[in-house]
Amino acid sequence: MASTPQLSTPEDNPRVKAVFDDIRATRRTDFVNNMWRALAFDPSLLESTWSEVKRLMASETALDPLTKEMIYIAVSVANGCGYCVHSHTAAARAKGMNDAQHAELLSIISLAAKTNHLATGMQVTLDPVFDLSTKK
Amino acid sequence: MASTPQLSTPEDNPRVKAVFDDIRATRRTDFVNNMWRALAFDPSLLESTWSEVKRLMASETALDPLTKEMIYIAVSVANGCGYCVHSHTAAARAKGMNDAQHAELLSIISLAAKTNHLATGMQVTLDPVFDLSTKK
Amino acid sequence: MASTPQLSTPEDNPRVKAVFDDIRATRRTDFVNNMWRALAFDPSLLESTWSEVKRLMASETALDPLTKEMIYIAVSVANGCGYCVHSHTAAARAKGMNDAQHAELLSIISLAAKTNHLATGMQVTLDPVFDLSTKK
Amino acid sequence: MASTPQLSTPEDNPRVKAVFDDIRATRRTDFVNNMWRALAFDPSLLESTWSEVKRLMASETALDPLTKEMIYIAVSVANGCGYCVHSHTAAARAKGMNDAQHAELLSIISLAAKTNHLATGMQVTLDPVFDLSTKK
Amino acid sequence: MASTPQLSTPEDNPRVKAVFDDIRATRRTDFVNNMWRALAFDPSLLESTWSEVKRLMASETALDPLTKEMIYIAVSVANGCGYCVHSHTAAARAKGMNDAQHAELLSIISLAAKTNHLATGMQVTLDPVFDLSTKK
Amino acid sequence: MASTPQLSTPEDNPRVKAVFDDIRATRRTDFVNNMWRALAFDPSLLESTWSEVKRLMASETALDPLTKEMIYIAVSVANGCGYCVHSHTAAARAKGMNDAQHAELLSIISLAAKTNHLATGMQVTLDPVFDLSTKK
């Protein structure tokens, strides 16, 4: 089930085809996952979303590829996006995440959630030393 | 303001003093931040929380210290914990996070939030290939 | 699967039947969706929930029907309620939401999520000019 | 700071005065907290909100008053509502919650958050035995 | 589907077998639910998680067992963890939660969510009287 | 307080100055709010964020300006971003949102939150008729 219309032949639209072709070329696979197929109902939204994901996640940047995937997973878990957890965990595994790293990632995510709820539950007062706004 | 009682001299309790001393020794600083001072109203909760944070965040583990802090920040942002964002951003800066890494961390967190909401808004169907449950 | 008992013949209870009849009459359809069937295990909760939804969403109010559905969808996406996203997207489509409006709705939701996470991640200080509390 | 207009003399409006009087009588105090003062900009929203809170939280129901406050706090923490955590923690303390109960409440909230994130992070498959939909 | 590897014979690992045996003995049942089977891919994470759940949820503490389950459900609903809602609702039912208590629990959770969103939407200013930090 | 460095003279950087000038020209005001000042520590992130906000929120699109702001507020409330609630409520007021519309917006947001939590708490089964994936 899904809450957007799914096109049976999305690549009939040349703008959709161009994005799908770039996804295949960038990732070196014939597989285009459902996230992009769902976005195909609006070529502009598909183009801007892929462009942003490609620039940050599929290019060389300050952080290494696996670290980036683990941060992505952490946000996706906290936001409760099941699809995203599945797809980015698969991506992290493809980029070399082993069982020990996966378990540690889950440990940090769940510990952070625990202390997030403790700090919010106690409404802890901010320590002035944490203010970074006047450092420059 | 806070929603738990704050003890004026928490270290009168020897269990609290032992934890605070360990925090100071582990972090090599005299500073004990308000999170731990708030937890001091219940020594058991203070002990178990510090023990877990120390074991995962202040020890050598599979992931490097800065990566762990960035994952912690990601969860804290998504869970909307202002105190946690402040304290762990300060910790990440202390562990060497520079402006470029900080900006990229924020870029990934906000891009993940964007695609999390897109995937949830479209209720994208899971691709069977993302199933990791049968790999072993 | 569900986590509340489902009654096989909920309308045996006259209070449940009265609500279901009102749902059918108000929406001009024989269809009563699973949300109301699940609530039928407690007639009081069913009555108060339907009464509130009917008064706000199925009556003439300050905002037009489609705008109200789009706001409802936005909250449901951010709260991660898959059932609600599905049911209110179907309702918005029934009220005339076309592909372009749907895509723009998703674009705003995901952009808001992005800047929400940026503002929380940077812990931006409030501008005094945003204070509306002294305007009256 | 606040994002709704604050009326300087809200009780000039007889509908607002009636609700404030009922709050004072029900709670046996002259104090009307800012939540209700903020809602006063729309008498209908004020009336319906207070009516619902009074019926569930200030009346005899199936659950005892302190249990109800603790459940309310749990939701407020998970939803990240600082105002609500403060006000309902004060209410729970007024209804007899002691330090040990408060610490245990925070322990359960934070443990639940931890396992919520673990279950979401692992995308655990539902056990069929948890299905309650066919029990009646 | 799941996003962690599932072991076909997890109890071949003696550490996993020890935890599963303790779960069965503590709960007096042969049934070990999927949450623990998923955690089995990392025996350390399995041990620490079960140890914490057992200490708080399966032992005599300040709060009674049913109250603890209801608080756990409240957090799980607000965090949008479907698995957790299912498993802890089943646990609460097993500990005696009847239809009236279940309906009231859902009523409080949803009312709290409503006023959480109202307070956040109005950005209500904190009443100084709610400050508990100076009470001791 | 803030968790990113604040530049005292951000417009010394010509890329920052260009964005600030465009914000002032687009909004016809000399005021540049703190969100953009905070983003100034990374000119690329500032440029891409403003570009996206301008394209969607400050241009003529399918939805009218006030509806877009109300959807933005709804997401910001549900995500618990206090800064965003303040800034977009001020923007909506500037675009003509009156008290009645504001109250109705808050009513819909809080009702959606209520039924979101009810649907999640009951784990309501999806009605097949809500599947939009096969409509095209």
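Points to keep in mind about this one:
The first chain written gets the first letter, and so on, giving A, B, C, D, E and F; residue counts start at 1 in each chain.
As a working rule, a residue touches a chain if its C-beta (ideal position, glycine included) is under 8 Å from a C-beta of that chain, and two chains touch if they have at least 3 such contacts.
As the structure is a computational prediction, the values presented were derived from the model and not from experiment.
The interface with the greater count of contacting C-beta pairs, when B-E is set against A-E, is B-E. Each chain gets a centre from the mean of its Cα atoms; the one farthest from the centre of subunit E is F. Most remote chain with respect to subunit B, judged by CA-atom centres, is C.
The distance from the centre of subunit A to the centre of subunit B, each centre being the mean of the chain's C-alpha atoms, comes to 20 Å. Work out the mean CA point of subunit A and of subunit D, and you get 33 Å between them. Centre-to-centre separation of subunit B and subunit D, using mean CA positions: 27 Å.
Multi-chain contact residues of subunit C (touching two or more other chains) are listed as 1-5, 41, 75, 77-82, 85-86, 89-90, 100, 105-107, 109, 111-118, 120-123, 125-126, 130-133.
Shown here, the protein chains touch in all possible pairs. Within the complex, the subunit A residues that touch subunit C are 1, 3-5, 41-42, 44-45, 75, 79-81, 133. Chain contact summary for the complex, subunit B toward subunit F: residues 80, 85-86, 89-90, 99-100, 102-103, 106-107, 117, 125. Interface residues of subunit C facing subunit B in the complex, by the touch rule stated above, are 73, 77-78, 80, 82, 85-86, 89, 105-106, 109-118, 120-123. On the subunit D side of its complex with subunit C, the touching residues are 1-8, 41, 126, 128, 130-136. Against subunit E, in their complex, subunit D makes its touches with residues 1-4, 31, 33-35, 38-39, 45, 49, 52-53, 56-57, 61-63, 67-68, 70-72, 74-84, 86-87, 89-90, 93, 100-101, 104-105, 107-109, 111-127, 129-132.
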